[in-house]
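Worksheet: one structure, shown below.
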Amino acid sequence: MIELPPEVHRLIDSALTEDQAFNDPTTQALVPPEIQGRGILRAKADGILAGLDVALAVFNRVDNQLVTKELLQDGSAVSPGTELAVVEGSAGSILKAERVALNFLQRMSGIASDTNRYVLEVRSVAGSKSRIVDTRKTAPGHRYLDKYAVRMGGGFNHRLNLADGILIKDNHIQALKSQEMGLKEVIQLALAKASHTIKVEVEVETLDEVREALEGGAHIIMLDNMPVDMMQRAMDIIDGRVVVEASGGIDHDTVRAVAGTGVDLISVGALTHSTTALDISLDLEFS
Amino acid sequence: MIELPPEVHRLIDSALTEDQAFNDPTTQALVPPEIQGRGILRAKADGILAGLDVALAVFNRVDNQLVTKELLQDGSAVSPGTELAVVEGSAGSILKAERVALNFLQRMSGIASDTNRYVLEVRSVAGSKSRIVDTRKTAPGHRYLDKYAVRMGGGFNHRLNLADGILIKDNHIQALKSQEMGLKEVIQLALAKASHTIKVEVEVETLDEVREALEGGAHIIMLDNMPVDMMQRAMDIIDGRVVVEASGGIDHDTVRAVAGTGVDLISVGALTHSTTALDISLDLEFS
Amino acid sequence: MIELPPEVHRLIDSALTEDQAFNDPTTQALVPPEIQGRGILRAKADGILAGLDVALAVFNRVDNQLVTKELLQDGSAVSPGTELAVVEGSAGSILKAERVALNFLQRMSGIASDTNRYVLEVRSVAGSKSRIVDTRKTAPGHRYLDKYAVRMGGGFNHRLNLADGILIKDNHIQALKSQEMGLKEVIQLALAKASHTIKVEVEVETLDEVREALEGGAHIIMLDNMPVDMMQRAMDIIDGRVVVEASGGIDHDTVRAVAGTGVDLISVGALTHSTTALDISLDLEFS
Amino acid sequence: MIELPPEVHRLIDSALTEDQAFNDPTTQALVPPEIQGRGILRAKADGILAGLDVALAVFNRVDNQLVTKELLQDGSAVSPGTELAVVEGSAGSILKAERVALNFLQRMSGIASDTNRYVLEVRSVAGSKSRIVDTRKTAPGHRYLDKYAVRMGGGFNHRLNLADGILIKDNHIQALKSQEMGLKEVIQLALAKASHTIKVEVEVETLDEVREALEGGAHIIMLDNMPVDMMQRAMDIIDGRVVVEASGGIDHDTVRAVAGTGVDLISVGALTHSTTALDISLDLEFS
Amino acid sequence: MIELPPEVHRLIDSALTEDQAFNDPTTQALVPPEIQGRGILRAKADGILAGLDVALAVFNRVDNQLVTKELLQDGSAVSPGTELAVVEGSAGSILKAERVALNFLQRMSGIASDTNRYVLEVRSVAGSKSRIVDTRKTAPGHRYLDKYAVRMGGGFNHRLNLADGILIKDNHIQALKSQEMGLKEVIQLALAKASHTIKVEVEVETLDEVREALEGGAHIIMLDNMPVDMMQRAMDIIDGRVVVEASGGIDHDTVRAVAGTGVDLISVGALTHSTTALDISLDLEFS
Amino acid sequence: MIELPPEVHRLIDSALTEDQAFNDPTTQALVPPEIQGRGILRAKADGILAGLDVALAVFNRVDNQLVTKELLQDGSAVSPGTELAVVEGSAGSILKAERVALNFLQRMSGIASDTNRYVLEVRSVAGSKSRIVDTRKTAPGHRYLDKYAVRMGGGFNHRLNLADGILIKDNHIQALKSQEMGLKEVIQLALAKASHTIKVEVEVETLDEVREALEGGAHIIMLDNMPVDMMQRAMDIIDGRVVVEASGGIDHDTVRAVAGTGVDLISVGALTHSTTALDISLDLEFS
């Protein structure tokens, strides 16, 4: 079982509090404390598993006498019927924790599954080495978990947070244009003032900006919302000198064409901002 | 501006901490503190607005000198280009808060928008009074916000949490079957033991169970995963004596047919477990 | 041992911090770490036990090497001398935790004991089925524990919190009177706007209001501060059609007469807002 | 308005969360946002006011647009009908905050009122200078507030927490008896090991122990559970050499006799462990 | 292992979060999960150990499967090469926790070591019984740990916090001078209004003030920033009647002379406000 | 005034709670609430100011009626007598907040001052462009503040936390040696597995390792604990191809020689692990 950071334990507590897991009149009325149960977490759709440790931590947080056993590890492929884990002990405790545990598990597995579809689509492009990367467009409070799920799906993480690197966006460039600085000067200013230990990435929208970014010395160039053919020309200009990221509205329909341009990174905001829960259920048996 | 509960303020703080909004090397390097900006939150797609107060609270949490002004209220319909709010003050502060503010606003507006599509679909069915309701399948830590967004989209809230009512599900019934009790007895036990002030809902899958639920005295019957024609027959049996909820895998394709059966409530887990962010951007102008 | 919700663990931490349990100069000066002790929690008065799990959790929070053993379960009747639990291990740890553990246990047992007196008084009324219920008048931060203690004493819980149901009070009615709406219309508005899944209760003070409440369709009628004879006439009018709650200044002197009217629920704010600690001590033996 | 420490702000937040003050379906259904109200906090019994700042902080925490005005200060005597404070603004906000605000105010005023009765009883004894002091028997999480309320009632605070002084109790003495040390040696050990800046108090039950405590050099002697005549003999023995505290089961019936012995401090656990809420209501007017 | 108070557990969590111990790309990339290691905490300089329990709690917080073993107890003298503790288990977990664990341990051991140097210097003065005491000049959030480390170094604690005693400083005296009160009256006012259970200390800068403090009845006199010869004359005036503390700019050069005057307490702010980390390393071995 | 991140507000709250700033018997006894004061924060030594916003936030947290005014900005040079800020309002509130405010301000200004000495020493070396950088050896809970103070002193920040970049240390290399991998392979593994957006730094101790690190493709080479002449030879080998950091036991005596080698970065752990408070006082005047 992987360890969970303090903020995830706090999020689990918040989730149990907001669901009033310890104030469940249904279980109090109907499930006598002596009834023991055996809950099986089971996939009901195809996908990639992520968040099993978090889900089991929820059960243990509700009742530390519950015995949990993982049958698979995060990152595994699952299909309808695949058994993921077993939880044994007080049936009442299992029922109180069920919804919160599934809410974590289904969201995280949904992210991993969608990421994996992108990863497989890219791999299907001959010679492609493009990596699928996430963005900072995560559910508030879920940054760690969302980014973890992306890795489980075979994706890579872009910046964890603002402090992780310099990313010069349109708004920054506009701010300095009002000070009469061009893109090249903006990049050089960033390089001069930033820590030697982080990279400088710049977002560009035209081929002229690509050239300026190269002259400025950016470590990474993000091609933002470019049509694929313009992207291809940008790649020719860059010619392997810096890392290149494609970004902006890329989806399952377009990702293969983007990967075909040879970009290093393809970032997809929808991985975490528009998620589809993977269907997973808890089946409870009574002994 | 609506007031936000303590747990939402804590979630805002968590989100700013996980994004390291106060440790932004890009802004530190490039945006001199004296630069003032005017940020406009603008919709880039059709939908229903929700979360504007939360988004503006994020800006104010980062810098309480920022002046924010709402141009619309939550629940309003928006389309590409609609201006939602204005934030004025230090450009650096606006940039540090931007991503977290948008992460809240896009998720919540996405939920409201999808809810509203269901609501409109149901309204298009002649004579339908079915309400679209949410479930407890919310993102952990977002229960209050997710359910608020559903209301903004014209939906209604089902149980806020486990404590809000008794909902007898299959697993509870199984637990008591192992004690040799039938559905009717289970419901009567729940009515006897529960508070007089809450309602008792029971999940049924067959028409026989519908009849047992009626005999048991359930206040609400949830028709779970029933085909529409079986649902119709259940409605005939129930004949207006109790509130009826349809549940289980209902989507935009099937919701109208379900509404046509005359059920009181149609619950849709996907409203909150499978969300699509509404596209909203922050455009920054410099004076 | 029952599980405790996250907010109770936080309250235990707050209580230990405010008592500086880890900064005890008396124990530091006088009790050498090698001294082992055996503490016995013992009732010194008649009453009903509640909070034993919380008290033992306090000892374990101070020192997770302490071995605790419950001798009775919450809800049990105790009398002077009854042994409740044993705590063994470092005498210094037991002494540091003692006061905080007793503060929880004495308050909760006091609530359970007083509740139980009401319950027995009601049961002594021939044919009475009235339930003793609590209110939201709990010590801030103690909602869960106070309401749990009421259940241990044989009482039932009214609304856990505002979200649990609709309760139309005088102030709400006044607010709408200023909009020229009568009681009946107020109830109908509440029924129309509220979730189908919660009940609507209305507070009335006169027999006319009782009639209006019935016409409006309230699920529960609260007879507020009515003399017993008026209450009886209200019961005649209602005639079993809805659940009836008696409320307002009911105490040990009047509860039997109120129960005699046949009301379903008797709510007593004093159960939690005016509590008398049950006398319980920790006797420490040294080996 | 007095400032509140961080832990009180957190307790207010906990109380609002546990009452779901921001999820109030009654107010949502019935009180349109444009309705303005004027709430008057009014005493309904005789007593001493305490906690008004906390109560008003609750209203402001729910809605910082509410305008609050204190009409009296904590420590003031009130009687039925006395107006304490006014809260103006959104009627819905006032209603959401009402219960939590009153829960703080009624508990704290109840403590102050009961303390004041003891203080007046002691003052009625000719020549008495005894101070009424509290104990550490406070509601968990309420240490600061409970002790503040005691001061408002004219009482004084004993140790705020364990770290505030050395108090040698029976259990400490027993622990060291098992090491073959007598009371005198125990006190001397405490004096030797403790900080020079704190006082050493010792709990005694017999006149021999009083003599030993004096020989040992205790700064304060606590006469625990002594009959009044034994207390008087203890006072003769002590003869003004050290501060004397009377403790143990002292109530309104016995406090005058105890004060008559000339003890410096009379500690009363019931001040905070067995509290009676002072009846206070919020009357809401609509403009 | 000593128990840690709740605020220390929270500080450990904050430290792990701010160091992103669960987001370590170096370990993720390079240390396969199956690699086991054995980490030895080893002193690299002479000093006194403090904080070992805290450091080991950090390792266990990161991974509760790590097996930790203390080889020495806090308060022990160490020299280069001394082995302090062993941590065994997942090498990756040990590496993630290393820096935070050392940050606690090195600071606390640095404080204990410097305290101990003062203690030994005072002991080298013939006949000296002066105690080295700390101040409230601790790192924010570290009050408990800093004061604990002082005790481990052989020092004593002054006031833990403001509530622990009355200390009348120059600013308080000035405040009351503006009310036309002299030092003696100020002390008497403090004695009259304060709890009987705490001591009153007063800060003086001249011999006249020493005399006034004695007349006022102060329990402790603090000689603030006095030259040693004036301190000696103050001691003659006081003549053993009250406890005396020397304070203000005392360092390793002057502490012996100050101790020679016979003062009871020597407070040194630098113990905690100007700390030098004790060099300690973690050596990792692989099996 | 700069904005403070949520974790700093929480640290301020922790510091006020641990100092019991709202339970100050000295101020309660001696400073009547109506007394107004004017506090001046004044440097008493030469140095660089840092933390003024944090200190003033402490005063405002204790009493939001206090009016604070900054006279200088963080990063300014100060000398004995320099006035830093003014705080006006209730004298009691100023006194309660004083110690906590100074504890933040003196630590942070001490860090800035010491950093600045290193920066000036490096600048005194002809042609040197070396930057002084900090490490992760910060006081637990103070990461943000300690690193901010380093910047105010003219230093630069190294990794904010583990997630900020890959830094391959001796322990990582040893872990993989046990898997029969050489330094070059370790670096290549890190480059392959890590995000494209972060840099890979490697710690080396010999010139052979320098060559391997270059071959492996490290972005930054850290020369750890090398004598200056070996460092110089390493610089010759590296010949400007990558960024170079010198680390390990560098102090005010050796920093100039290290800077003379032309390394890009000089990291100094003592900046934050061994701090000397800058002497700053609060002088209070009464009107």
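The chains carry the letters A, B, C, D, E and F, assigned in the order they are written, with residues numbered from 1 in each.
The criterion applied here is as follows: contacts are C-beta pairs under 8 Å (C-beta built on N, C-alpha and C of every residue); 3 or more make two chains touch, one makes a residue touch a chain.
Keep in mind that this is a model prediction, so the values were computed, not measured.
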Check: Can you list every chain in contact with both subunit A and subunit E?
Finding: C, F
Note to self: Give me the set of chains touching subunit D intersected with the set touching subunit F.
What the structure shows: B, E
Item checked: Whole-Å gap separating subunit B and subunit F, where each centre is the average of the chain's CA atoms -> 44
Notebook entry, point to check: Taking each chain's centre as the mean of its CA atoms, how far is subunit A from subunit D in angstrom?
Noted result: 51
Item checked: Intercentroid distance (Cα basis), subunit D paired with subunit C, Å -> 22
Item checked: Junction residues of subunit E - those touching two or more other chains -> 7, 14, 17, 20-21, 23, 144, 160-161, 163-165, 195, 198
Notebook entry, point to check: Which of line, ring, star, complete and other names the graph you get from chains that touch?
Noted result: other
Next item on the list: Throw together a list of every chain pair that touches.
Entry: A-B, A-C, A-E, A-F, B-C, B-D, B-F, C-D, C-E, D-E, D-F, E-F
Item checked: Residues on subunit F engaged by subunit E in the complex (per definition of touch) -> 7, 10-12, 14-15, 18-21, 23-32, 35, 37, 91, 95-96, 98-100, 102-104, 106-107, 110, 136-144, 161-169, 171-172, 174-176, 178-179, 186, 189-190, 193-195, 198, 269-270, 273-277, 282, 284, 286
Checklist line | Residues on subunit C engaged by subunit A in the complex (per definition of touch) | finding: 3-7, 144, 160
Check: Across the complex, what residues on subunit D touch subunit E?
Finding: 131, 133, 156-161, 163-165, 195-199, 201, 220, 243, 245, 264-265
Next item on the list: Using the touch definition up top, name the residues of subunit D that touch subunit B in the complex.
Entry: 13-14, 16-17, 20-23, 61-64, 93
